[in-house]
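The two complexes that follow have subunit A in common; it is paired with subunit B in the first and with subunit C in the second.
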Partner chain A sequence: MKKSLLIGLVIMALGLVVPSVTDSEYYLHLFVLAAMFGVLAVYWNLLDGYLGLIHFGYAAFFALGAYTSALVTTRLGWPLLPAFAAGGVVAAVIGGLIIIPCLRMGSYATAIVTLAFAEIMRITATSWTALTKGEMGLWGIPPIFEGAGRTPYVYLITAILAAAVVVLSLIVRSYTGLAYVAIKDDETAAATTGIPVKRIKLTGTMVSCGVAGVVGAFYAHYILTITPALFGIAYTIQIMAMSLFGGKGTLLGPLLGAAVLLLMGEGFRFMENYRLIMYGLVIIATVMLFPEGLIGVVKRGGRLVSRRSGS
Partner chain B sequence: MQYLVNGLIIGAVYAVIGVGFTLIFGIMQILNFAYGELFMIAAYLAYFGVTVFMLPLWLILILAMAVMFLIGFGIEKAVILPVRMKIPDWVVPVILVTLALQIILQNLALILEGGNFLGIPAYIMGSLRVGNFSVSYERLLMFGICVATLAGIWLLLRKTKLGLALQAVSQNRDAAILSGINTNTVYALCFGLSGLLISIPGVLMMPHLYAYPTVGQVPIMKAFAVTLFGGMGNVAGAIIGGFILGVAETLAAGYISALVKDGVAFAVMILILVFYPAGVGTLLTRRKLG
Partner chain C sequence: MLNVNHVTKRFGGLTAVDEVSFGLEMGRILGLVGPNGSGKTTLFNCISGLFPPSSGRIVFQEKDITGLKPHRICRLGIGRTFQLVKPFHSLSVKENVILGLAFGHRDRPAGLRAQAMEILEFVGLSGKAENKAGGLILAERKKLEIARALATGPSLLLLDEVASGLTESESEGIIALLKEINERGLSLLIVEHVMAVIMSLSHRVVVLSDGRKIADGPPDEVANDQNVIDVYLGEPPTTQVEAGEPS
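What follows is the complex of A and B.
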């Protein structure tokens, strides 16, 4: 309880400090992106790291939230708050519906159903031009903060990130969270002790997809143009890499992974064309040195420090 | 009828793509995200084979198969083996490494060749006409080569010592080690074989696609679909899955519209998975048992 609030406070503090340290639009934009991908990586990891569901269509629910919110604001003139909620609810409901048939399949069948579903949605978004304007993309989406620069967006996404992390850490530490951990360790054993595995997987997926939908809505009203490419597997793979790189099945690992990978991608910009090659090489090196992910480095460092101070 | 024939032809190509992908999963339990990039390399090889060296198709195919076998083998030995040696629980780390390889190979291609779409004309002109439907000779050849490849890989898995070793490792890694199989060699050969298999569609599809750094995205989606659909690591399932995907796609493109073809194919796949969650490959095994 205390620990999760502390994590939330640290994130909030970071969000408050960043805009006062730098007023470069570029760095603030990077921070917003890192926080956004942080939320996505953390909640993707809820599925893969805790519930054993390999979700290959995660970006589609992010895109679904973005499109829902963009459409209800531009077409129906909804205010932003209900539009955000609509994005989350639509993503949660559809995410739940698509996972129901998966619950009786193996984990790799789940991977294909979610992947196939994401592709169907991408194709629908591309070809249903009357609604989505197809490849042209939707534009003219109302911004959250009219003409106010990037600072308020930094505050907002930090608040979303902090809330998302605190809620997840509360869930993981609650009674339901114990069930998550039990499922993660041994699904069959969890089922035999009377844990309703399927129901927990379903609600967990709905929460995860709903959060992706809300983040998607934020994205739509931040970037202001969205295209069907958002549904594509490239984004899911990016989220997945952040999550695995940071540390699978840990709370803060994916957050760390998102921040480091995103900043690293930008940090190597001086190498021009070679920067993504460098990026790939760093991932390989990290995997070899720290197989548990980045969070393993932090934990090991922490243990070293506490041992020193103890003796 | 025309659609069915076209579907079967493209299905044979998908089956080869799927088998190369499923082999690695069956034997190492990993998803090789760099698989599409091997296709990309083969496409570039075909491009240079035709435009720079002006080689005939059969020679390009053989050279590409040899080169891609060595590349696959080399990737395992140089990058994946060290990870496996260092980390006891290596499945997730290796998947992450293949993701990194994907990024590296794509960007190497971008630096070396630029982002241009490089195309070549058809290998063979003309088409075979029977009654009111026609098939181009090139597609017929593609079908023949792919079916021969599938037959070849089937024989390799069933009849040779290497095939038995591959099967043994996929069934039980520890037991295979105990019975004297060198798993490291098996893994490297498996990657090599996978590279060899993907080089065939990579070369043959060249006149229909282009060679560009991210061309691998096309085959890897098909590989995922076919593999997962047939049952992970199930070679027979991947072959059946390839044909079903090819036919479903072509029928959807023919009767509905080319735009929705991928969507329909995926919808069919979801439906079948709802009824046969472990993939269609299990139908075969089940019949054998019954």
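What follows is the complex of A and C.
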């Protein structure tokens, strides 16, 4: 409990400090993106790293939250707070519905079903022009902070990130969090130990997708234009790469991965769409060379140093 | 307390368990034996809810548990271990037991950590409480599975080949542990290849062959049953083959 709150406070402090270190719009924008992808990577990792459920369509729920919130504000004139909540709820409910048939399948089948669902969503968002304006994208989305520059967005996304990390850390340290790892280790043994495997997988997925939806809503009202590309596999791969590169099955690894890969991605901006290749290579290299991720390497390095200085 | 009534389990065209019936009284130990592929583990999986029987009824403490989900059956008081041990390898020994306590009961009991240590003390693993379960040797993993099953507060324990792969002294340790568990009032249903274990523990033995029950009775009676001898040693040879001569 204390440790979880401490992590949250450190993240909050970081967010408060950043705008006073730099007033470059570009760097503040990068920070917002890093924090946003940080939340997504951390909650994708809840599924893959803790529950052993490979979700290949995660970005679709981010996009679903973005579209839901954008539509209810522009079409129905909802205020922002309920719109954000709607984004989260829609993503959570649909995320749950999609995972129900997967609960009877193995993890590879789940990966394919979630991937296919995300593509169906993307095609639907592209074709249903009456609702989504298709490839043109939705615009005219009301901003969260009217004409206030980037700084308040930095504060808001930091608060979301801190809350998300604290909640996750409480989940992971609870009995339910232990059950997640048990299910990943052996579903059969988990079930005969009294763990309601399907219910826990379902609620875990709903939480994870719901968080993606809220972050999507934030994105919509920050960038102010959204297109069906958000549903695409490219974003999911990016989130996966961040999570795996940072360290799967760890609380803060994916956050580190998001920050490092996002900055690296900016460095490789000249490669344009070929940047996706970079994410692919990062995933392959991580899985083959250091499966425990960046945070594992850092920890190992730390132990090595302390052993040297100790002797 | 446990009544298996005409339970059949088919996988496509294969009938793994065929119309098997038996009962187990409170506080007793029932041994389930039979050659490989005779349906013992399938029957276990039916009882513990991993797959529902194709037909037949399983009644536990006057409650029909046929086709219930495994976690429900566990919470009703049936714990089990696996032939190929399945501890939660990335969790610590203590966390394995804590999970049984936290999820195996209808209401989560208080003082889980202390209770977990008591159970580990009982099976003789308290010294390894903080170790990762994946790092234990086979005998310890078997004990951990028993501890995890005990943590769910069962009145019946299903033990699938709990002594297989162990040295003689290790399996004697397990037998002593099982006797003690039984003395505490738990009923045991054990599947075992090691006949010494079955003979020294069971009050009654049920023999399966090709999914059918072929014998049911006290161990010494079953051991002398002609059907059982045929199944284990094969039909008596009709033509004499001389030993030692290359064929």
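Basically, the second predicted complex is superposed on the first by the 276 of 311 C-alpha atoms of A that agree within 3 Å, B and C clash if a C-alpha of one lies under 4 Å from a C-alpha of the other, contacts with A are read in each partner's own complex, and residues count from 1 in each chain.
As a working rule, contacts are C-beta pairs under 8 Å (C-beta built on N, C-alpha and C of every residue); 3 or more make two chains touch, one makes a residue touch a chain.
Keep in mind it's a predicted model, so treat the numbers as computed, not measured.
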First, second, both or neither for A:182, with subunit B first and subunit C second: second
Which superposed partner A:13 touches (first subunit B, second subunit C, both, neither): neither
Most subunit A residues touched (candidates subunit B, subunit C): B
Partner chain(s) touched by A:124 [first = subunit B, second = subunit C, both, neither]: first
Touching partner for A:281 - first (subunit B), second (subunit C), both, neither: first
First, second, both or neither for A:196, with subunit B first and subunit C second: second
Touched partner set for A:113, first subunit B, second subunit C, both or neither: first
Residues on subunit A engaged by subunit C in the complex (per definition of touch): 175, 178-179, 181-182, 184-186, 188-197
Partner subunit A, residues of subunit B touching it in the complex: 33, 79, 82-83, 86-87, 89-90, 92-93, 95-97, 99-104, 106-108, 110-111, 217, 221, 224-225, 228-229, 232, 259-260, 262-263, 266-267, 269-270, 273-274, 277-279
Residue ranges of subunit C in contact with subunit A within the complex: 48-50, 69-71, 73-75, 79-80, 82, 86-91, 95-96, 98-100, 102-105, 108, 148-149, 151-152
Complex interface listing, subunit A residues touching subunit B: 56, 101, 104-106, 108-109, 111-113, 115-117, 119-120, 123-124, 126-127, 233-234, 237, 240-241, 244-245, 248, 273-274, 276-277, 279-281, 283-284, 287-288, 291
